[in-house]
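Lettered A, B, C, D and E in written order, each chain numbered from 1.
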Amino acid sequence: MLTILFDGIAYGMLLFILALGLAVTMGLMNFINLAHGAFAMAGGYITVLLMQRAGVPFLLCLPLAFLGAALIGAVLERTLYRPLYRKPHLDQVLFSIGLTFMAVASVDYFMGSTQQFIQLPQWLRGRTEIGSGAWTLGMGHYRLFIVAVCAVLTLVLQYILSRTRFGSRLRASVDDQRVAAGLGINVNIVFLSTFAFGSGLAGLGGALGAEVLGLDPSFPLKFMIYFLIVVAVGGTSSITGPLLAALLLGIADVAGKYYIPKMGAFIVYLLMIVILIWRPQGLFVRQGGKA
Amino acid sequence: QGAPFKIGLILPMTGQQATTGRQIEAAARLWIAQNGDTVAGRKVELIVKDDTSLPDQTRRLAQELVVNEKVDVLAGMGITPSAMAVAPIATQSKTPLVVMAAATSSITEASPFIVRTSFTLPQVSVALADWAPKNNIKNVVTLVTDYGPGIDAEKYFKERLQFNGGKVPESLRVPLRNPDFAPFLQKVRDLKPDALFVFVPSGAGAAVMKQFGERGMDKAGIKLIATGDVTDDDQLNDMGDVALNVVTSHHYSAAHPSPANKKFVEAFQKANRNLRPNFMAVGGYDGMRVIYEALKKTGGKGGGPALVEAMKGQIFESPRGPVFIDAQTRDVVHNVYLRKVEKKDGQLWNVEFDVIKDVKDPGKTK
Amino acid sequence: MSDVVLSCAGLVKKFGGITATSHVTLDLRRGARHALIGPNGAGKTTLVNLLTGVLEPTAGRIVLEGQDITRLAPHLRVRRGMVRTFQINQLFSSMTPLQTLALVVSQQRGLGGTFWQALGRDRGVTERSEQLLERFRLAEVMDIPTEYLAYGKRRLLEIAIALACDPRVLLLDEPVAGVPAGEREEILQTVAALPADVSVLLIEHDMDLVFSFAKRMTVLVNGAVLTEGDPEQIAADPRVREVYLGHGATAGEEAPAHA
Amino acid sequence: MNADRAHASLRSATRWRLWEPLLWVVAFASPLVLSQYAAIVNEIAITALFALSLDLVLGFTGIVSLGHAAFFGFGAYAAALFAKHFMPDPLVGLAVGIAAATVLGAAASFTVQRGSDLTRLMVTLGAALILLELANKLDWLTGGADGLQGVVMGPLLGKFEFDLAGRTAAWYSLTVLLIFFFISRRLMHSPFGATLKAIRDNRLRAMSIGIPVGSRITVAYTIAAALAGAAGALLAQTTGFASLDVFEFHRSADVMLILVVGGTGWLYGGVLGAIVFKLMQDFLSAITPQYWTFWLGLFLVVLVLVGRDRLLKPWTIFRRGRAA
Amino acid sequence: MPELLKVDRLSAGYGEAVVLQDVSFSLDEGATLALLGRNGTGKTTLINTLAGATRQHGGTMTLGGAALHKLAPHQRAAAGIGWVPQERNIFKSLTVHENLTAVARPGRWTTDAVYTMFPRLAERKGNLGTQLSGGEQQMLAVGRALVLNPRLLLLDEPLEGLAPIIVEELLRAIRRITRDEGLSAIIVEQHPQAILAISDRAVVLDRGTVVHSGTARELRADPALLDRLLGVAR
């Protein structure tokens, strides 16, 4: 039972890590970036290439995946994304889907369409079991690692957003670019760094998730739905929202599949629909209101 | 010198099934390269179309190939619904349809013009169910993807295993879209069977094996047995040590020890950046052979009904071993091998250790 | 009393910890020219939102022409003749003023559900739209999408929409903010000249206008009614001067003598 | 005098432009003149109808949907099952498909009443995926992942067999498209259509001029569902087959792309988008079956960067210039 | 007093459309300019062009010797522009406090100073921008420009929607700030009298060009001229 709970948490955290970048670009920047998965894929392939071709150790690959994806994000932001912030959401959808198609085809061309695998270091492969009987808690080391990385990331992000002015400057720029610039906020830099950071997070997510989810050129399209679900259910105004949503969905999904396997595929969708009809702005919205 | 003989090859070249398309196209081109593009005085022309695994696209492409290009043979078909959607066109236009990938048993019944050179899932699952009890695996949990082929695999495996005195305490079905196998594997672990039987589409196989290992199920004394899709040759080498010792049953292994296969594998790898051929490739390769032979037999005249007649009953030595196209069902009859993943020269291979000869599709015998 | 058209009793609205409206009781008589004034954040807009059903009250009752409408859907209140303007423009950005008014007039005349005839088909509708465009000096911009209009024009359209609804009870939330001084009087005269049985509740911070328009006034402070009376009483009330009017009174201390 | 000007201005928006009948004549002539393209004409017509349906909710009412395939698929399965089990007549089957989708649309309309764009996207998406899973689970009825086989269509109007070249199919689909296009056109130019646009532009204000927002959304959504159902039924009938992919996510996503490419909120967007998108896909994938998605993606990216209006509707540049 | 702002032959507009043409005027340090004109004549466009929010077609603007027109919008705030847009444009997903801190620059005007000036805002510190009443938003917009600690305040209809008592107070505050702290201000208003009373200079726009420029006192003393320029009876 505890094992199931743990697996649910780990799965939720994985979803979160993958969706986190999207929560940043879509939630905070209000840019519908469906190419998010492509950045995640970039992170995954960077890791694969570094490990397979250059023999870089896995742990070192993670920051490199982050940086690589962030760099790609930054370049694309400067060249392509910037004019699109002001355009309607539908344009953004069109654009980012187009970009995804291109990414998918390019990766296919250069890397082939077969699945890529990441060989984890030995210490991440094991498993620890505590207790016995119904209360056994089995934890895969890799899953434990994901949970830890995720927790650290959340804390760091939360800190940046709530303790520094960056968060409010970003939201101000999103709310009204024109006026924010007129009031002295360097909107371009704010957007550039946020976008790069969001892409970096996606890359990191891809590097971490490739092991569990598999990695092939169709990755961005295959998992897009999951990223979107997490962000929609979590609400787009904070980091904790998507985190809690991801945990909720992860646990519900794993537990549901364990206890009522017949309902397997339905649980997540039903849960999402019910939540969204009940709270259309997402489960956890920024409320304000306390004077 | 007559008009060119056109083969319309419709395959998923993009999307999640893209590897299927790549393997088959590469194999078909290899066949042409090896055997020349002129048969019985006619030039063979291959037209490749991408249907992105959408049956209505497959159908339209087939329609256009037949009406506009006037193709002599339709071929390919990555997934069952595609084959099913094209079947009426084959019938209506009297064009042979050579199915090279789709594996649901009932496909060949959808049109008298369908000939299959791939395999059927019941063939390989039944073989595994025959082998298991003999090797002290009596209590088996099944885990299949919840769609047509998966359910086929589950059904035939279970029936045959029970017939052979085994037990299936639980049959788990995984949704098509399923990123994480943890809950299912945990359930299996808690049930503690002798073995877990798995069928999942080739991409997901690696994830299952990994998580199987990670969960320490092998150490808990549970064996992993599967159909050959799970240790797909296309990816096997990249899966790493988790795949070692997994027992699977399938009709083709790139490690099949025959001169014909050696030659095939070498040529294929040379032509395709070292890509290892898998069972899809051999389906395409043999499909081309069947078409070539049929054309030869008709003396280059072609013609739908004549071609199909000429395809029926062909017997030949394929890279997978001896193959026979059943004249009655137009379905493929071949050996099913039991293989174990082993490391040879630093690479992982499906090494065959047992064989069940001339397996007909059990789906047709009812 | 039968000549009370709209009334509310014990109306309360809380936003989290803030009580924006606190036990407000207010009667609007038939044909009233009633002003609602009060400091910023006193709850005037909130009250209008409650009356029109944009917000749901935490407690209290609203009665329109003898019928309890506390839980009635907003659009049904409009059908019963209660119409409002918004403090912050609420317009249909992609439509032109002409299309907007034609739509509102059609909707008003019960043609909003018509799906087989084209929007401009009904002569009565176009004539009435045209009349409103003229009256609010929007005729020359009638074919320009609303989003490209200058603020003042948009403001005029906002009021024109409300009048296009043929209101019996009209709630105006700072209708002339952003309209230049000269046109303000004109607009309010248009409002004042509405038929005698139309009741008007006006929220406005421009005291010249308020005092020239209103026959009766209610002062709201911190969500609650401070006092109610005729303009002279209000102007003389020291509490009102204290919290709201200040000492410049109506025209502002620096205004020239002939104000 | 001036009232005439207002009248004329309003009426001019609803008038048929010269190129419109021309377009339709060309469309109807195409299966005859270019008979080798009949199959793709059929596909374009079906896609256009599907996109038109989405335009009614997305373009006119402002309700985004990533699950429009739910109605498409429902119509497809309803028509296919009806043909298989009851009678093979296409027109009756079409009516059944439409009816089924209409009912589903009415029932589902409550899910899109509230919420932001993102919420709506996800709720509709979820609904379509649930239908997909259901169709998979109910394999005794739907044939599951293998698809529904054995659908045989009778001749159209008892006379015209569906031919192999697909000409009958093309004309059939084009006719249905034209009829629904005409109906949608009337609808959207009417006061009813204007109330939908009002809801799209400003819901709060729409409510405050007495528009029953909730029921309008319900009606619009239901009508759109009916059209999507018709498109689905046409697909099932002209291909004689239905499989799970009619519910798939990418079908919803594609139709949204198609509509946005063509432009939302002017009815022809779906038609234009379907033509551009399908022809380009066919053309590109014929050249490079493996990597055509790259070029398609490039097209989308360039389209957005250059500006949708400028590329596909060059004449709107002038219109905008006049307005500003 | 030294000259702070000089606008020379400025033209600007939206997209291709030209709204302002050849606008020239100047403003001294510590002086207040009343910018008047009928509806839609380009007052807002002028203010926004100074703030860098509209497209400038030609001409120059200098602020304390620096070429304003060469600066990006966000650099203009650093150069000393404090902008109160006509539609307030409160950042809706920020709280009142964050609206201030997000843009604040070091100087005399701190958030606390703003709270002292508008106690109402202090009570609403934690509310989101959208949850404010119209007048509260207006106060916040003014406060937000003040915490930039600008040299030149651009106030686009700052009194609209404020209670009379606050109007009085704000006018007095503007007077005090310009007199005592040497700040300059450009104020757009629909009430010419109230604003001319506290201004030093006045500029009247009509259809995007300057039709009158002079001292506030002379304009205020000449109701006939005012009437001709603005079409206002008073």
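The rule is simple: contacts are C-beta pairs under 8 Å (C-beta built on N, C-alpha and C of every residue); 3 or more make two chains touch, one makes a residue touch a chain.
All figures in this text were calculated on a predicted structure; none of them were measured in a lab.
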Steps needed, at minimum, to go from subunit A to subunit E via contacts: 1
Most distant chain from subunit C, judged by the mean position of its C-alpha atoms: B
Chain whose mean Cα position lies farthest from subunit D: E
Distance from subunit B to subunit A - Cα centre to Cα centre, in angstrom: 36
Intercentroid distance (Cα basis), subunit E paired with subunit B, Å: 75
Whole-Å gap between the CA centroids of subunit A and subunit C: 47
Approximate Å spacing (C-alpha centroids) for the pair subunit C, subunit E: 28
Subunit B, residues touching no fewer than two other chains: 14, 18, 22, 146, 175-176
Where subunit A touches two or more other chains, by residue: 104-105, 108, 221, 225, 265, 289-291
Set of subunit C residues in contact with two or more other chains: 15, 18
Contact set on subunit D toward subunit C in their complex: 2-3, 5-7, 9-11, 13-14, 186-187, 189-195, 197-198, 200-202, 204-214, 323-324
Interfacial residue positions of subunit E with respect to subunit A in the complex: 48, 51-53, 72-74, 76-78, 81, 83, 85, 89, 91-95, 98-99, 101-103, 105, 123-129, 131, 144-145, 148
Touch list for subunit A against partner subunit D, complex: 26, 80, 83-84, 87, 89-95, 97-106, 108-109, 221, 225, 228-229, 231-233, 236, 265-266, 269-270, 272-273, 276-277, 280-282
Footprint of subunit D on subunit C - complex, ascending: 52, 54, 73-76, 78-79, 83-84, 86, 90-95, 98-100, 102-104, 106-108, 111-121, 123, 126-127, 129-130, 133-134, 139, 142-145, 148, 161, 164-165
Subunit E-facing residues of subunit A, complex: 165, 168-169, 171-172, 174-176, 178-187, 237, 286, 288-291
